[in-house]
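One structure is given below, represented as structure tokens, and several questions about it will come after.
Per-chain residue numbering starts at 1, and chain names A, B, C, D, E and F are given in the order in which the chains are listed.
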């Protein structure tokens, strides 16, 4: 049978043994969300899953099935809840998934958990889900539990950004479907990227507030918030390497 | 770019076009649950995903990301919530996922939905989720929406069962991790099956009630409720073919 | 004052004393649901209440007020949520009732609980409610609590089915409002049964999937899924006796 | 078959016909709560059920199964959540029951609903449940729906109180398990009353605030908040007659 | 920096020190609700906040930010949910606020809490919120926690009512926006009262039941349930003094 | 009576008239959260309330009572949930408050709503609450509703930041309890600021991930994430002016 880093590709005795041996468990958190005309909807699934798999391979860890539906996409960070193709969970639903999975891991005696997030809007509901899980477990009982919450973009080193953006990093705010994500997808799933379809209708210039129910109209029609120029699989590998290194360092610091 | 049946492997303009053309959308519903010593934990994910993909290919449909976490495993149908490796969602959480995804599909103008379920315990919470979605959408507004809820084992024809079980079908009740699931996994992901690890500790003989919090002890230690003898990839293909044919027929009858 | 098996027919000092003496407490779980033209809507209330009362009389137990509203009736097991007369609770509501009542019993120092269910669709939400109660109580604190979850039809012995169905048992799937339930109602509340009104429009032949929001049309118009021929009070007593014997045996095995 | 005012004692065609003919539907709301040493725990179930049945008989109405579990008993109105025997639902659970049942009645085309309440603490959660139901139904669609919410004690005429309490009515605040409830129980279910067990440890003198988690100690040990002197079946009939007359008058005024 | 009784007007080290010194913490619970043509909508906020501040000054306590949105106003106690200007929270939302705040206070090591309520309809959801908090904290862990729940009108002494109502107290039922509240507002925020705008359209004569969705029409058009004659700042000070004295006495009795 | 911009300081006829005249309604969203040793806990309440009041004065609008309890404070943006003094609501509770208030405003015929937020962690739950409100109202019925969601810090012009930070703006990430908030508090409530108590223990250097349940230790002990040097009431007025101008411009653009 396969010797996999993926929790669900193992039979239960192997998972039980790996947990007993102290394997950290990774929970990738994604979304099904538009990522421009040049990329598939699964960018926020592919990237954190791959990062988690590489980090797990380094650390002897296991990767859970990725949560493939994310919290409500917002116009300024992903095109917005009404963009064609995007499927949104409510924050409450997303939080309950995170809560349930973490409670289950705790019950399975997992004490080292890393959530690897690929979708900006998941940050808040992930925190809520973790806190709800800690309430449900009982804070007194959770003294030996360590949960690390990682957003992959925060793991990228400044040196790497300097190298990828020789003219200056435009900032994470507009990176949706742009150079960072495109590059990592080119490294990981090149068949899901077609740069010839990238439109040059960005970068977005947002008004300094949100409007509901009809969002403000400034999202570039392609759904790319910034630009894709400079994307390459090579850059993607640099970014992925930073993420894996960052998680490995965090695990060394926090799990002992 | 890839021409995929998988919704999330397409860029948004392709999804939008496919929906506009009337593509039915498939939502596979799975679980991460023990399936004996001889199979990986992802059996309930792999099988409905594959069936949905084959049916979608027949019907010009699209397959959503599979919900990989299922409702609480029960001893008599899956080993139970406390079996090593099994990760359970509460029924409420699972129902909210189904509700949210169906509401989102409706908002995206999808009017033909097929849920393909691979985990017995998901049945009730899927129904609850669908009803909650219909409440949220508004029954008046949902007049042109058709949702088909499929459990793959109900799609198998008696002739096929006769062929697979020449000595008589023991019944679906004990089929967890047994011949049907093992055969389909051998057809789909043979690297995740190792029949040499199958234990002959079944079939289970259950008491006619459930006990909580400590379940009754009759689950065979392997987690296989019946037996695996007679499993083969060939049988798996027969079963998968029935499922795809059954769904195709249902779609022909219900979507027009 | 009355010396009753019914918890709510006693004054509080008697209940307190009975619990202190170790009385098991029975929670009957029913529904208000169509049961054909020949029976009242309270079949799923009458039967589990009577079984619980007889078992409680055997075991020195107490019977709580029956939950008279059940989880959403489904076409294949009860006619469906839209059948005239049927009143459905959502699964979430039903689960919360079960959770609250079990938490309260625990707080009242009850440690032996038997749920006696008469409505198929209640199974899942009862399990959910029990698990939610165990979470709320705290699994550590619930070590001496035993909850048995009984569906009355599972308590019927094969010998009894052979006797009632000399031509072979059609299976529990189609038993809604059919011979089993009709016979027990004839034994318990004959004034609520009028066999002359039974229609011969069954047995139902269901398609192998569910459809929403408009269910598939195969429910026989009477609401009887199978047939009523062979129903009798005598058969009803046989069935009830099996249920009581089964519960008594379970209590002997599990409560000590 | 029986010709009953009880909804659940009828087969579905009769219920359907009665609703089509405009029958008002009564939902009795009760509790399982201590009512002194001299009465059973089901006082709050028996009384509103009987009132609803008598009113329904007058008005050609139907009586639903009584909700037998009430919202958290409070010390000043029922002895409190921790009194032996008392079983409490959370307000949220109780509200969801009311919401679900009213939504279901609306779906069954019922447009005249009367809730008849026997438990003080149910007032708020009943209002919440009704409002939630109206939200779920949609206020626009509910234009022809009329729900009357009745607490039976408010239906008693001053003349009746004067007659029952020649020395002056002590006020509804302390009437828990006292003359009003005892008298109605003596009229309705005399076998569930044993006045010889009534203790003279009241009336309660409460502090002007509530304390949690340990309630203030002023509840008389018997659980009777006032006194039982003057209770009689005759007085009970006077009270019941007022309630029925009051509901009948309300129906005449509001349902047309 | 200010030396304030208001928790939120202090920097965190001062709050920490005050809690460590055993300061009781007051949580005022209000509403934004019509109070007649002669008073602002914030009556139920101003009064409990002021009472809490005066009591805290006596007791060395701290006053939390007032919850300014209350549970659904009802016609007989506040004009009703649809009265212009009134903003209602659902009971569930209100309860969750109370739950969360009490859990947070417990986590901050506060063990003496007083809720001071100014809005009748908040009573039930406050109790629910407190009970939910105790469940969340764990009753075992909350042994040293004392929560007092005060409705300000219950703190008024009969002598004071006799003095304010020389012709007899009409009862708290109709006091909404009437003499008690008007007097206290005249004492506290005279600029928010304009007695010249008080209409003489009360007192209300209510039918003995509630109607939904369209409430019965008996609320006086002004929104004042009784009358305002006899209101004065002097009377307001008498009432406020009673409330403060009552709370101070309760604290002396319960916090030690 | 007062002529106030504060909704709750008006009697209901004035509110009704102002809404009928098209007044936009402002909902300030705050928190009770540590803001360093030099400022009170109410910074996130004072600032958005003042901005809303000034903007309402410009626009003929009304300001609702500020929600004074915010979503869970996080270490990197506010010190974290466990910092002394900080009181956190769960995201779900906060969202329900926003949902309920917006639904109520819609019911009161308000069609122009501005939420003015002062607490970073409220962003997500505010969006969730708005979306839940739109679901509850019905998107079809909400066609003429416009909700603007404003975070005050996004309204500050780059020119103003240049002027306040002549050596370069350190970025909003670390601005908690730092120059921006301190300056605005000095302008608005100078008695709640004591710069002599500001500690120079920042700026914070955060690890690029979050840890639970015990957060990473990098929050400066004072709770000030950056520094306070350069704070002044004059700078505060510049910032407030930008916010008011930004909201006024947004209203001119969006409300017509």
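Criterion: a contact is a pair of C-beta atoms (placed from the backbone, for glycine too) under 8 Å apart; a residue touches a chain by one contact, two chains touch by 3 or more.
Since this is a predicted model, take the numbers as computed values, not measurements.
Of all residue numbers used at the contact between subunit E and subunit F, over half are used by both chains, marking a mostly same-residue interface.
Of the two chain pairs considered here, B-C and C-D, the higher C-beta contact count falls to C-D.
With centres taken as mean Cα positions, subunit F sits 28 Å from subunit A.
In this assembly, the C-alpha centroid of subunit C lies 54 Å from the C-alpha centroid of subunit F. For subunit D, residues touching at least two other chains, in rising order: 90, 92, 138.
On the subunit C side of its complex with subunit D, the touching residues are 1-2, 6-13, 15-16, 32, 34-42, 45, 64-66, 68-69, 82-90, 92-93, 96-97, 99-101, 104-105, 107-108, 191-194, 197, 223. For subunit E in complex with subunit D, the touching residues are 71-72, 74, 81, 90-92, 95, 121, 123-125, 127-128, 130-132, 134, 139, 142, 145-151, 154-155, 207-214, 246, 250, 253-254.
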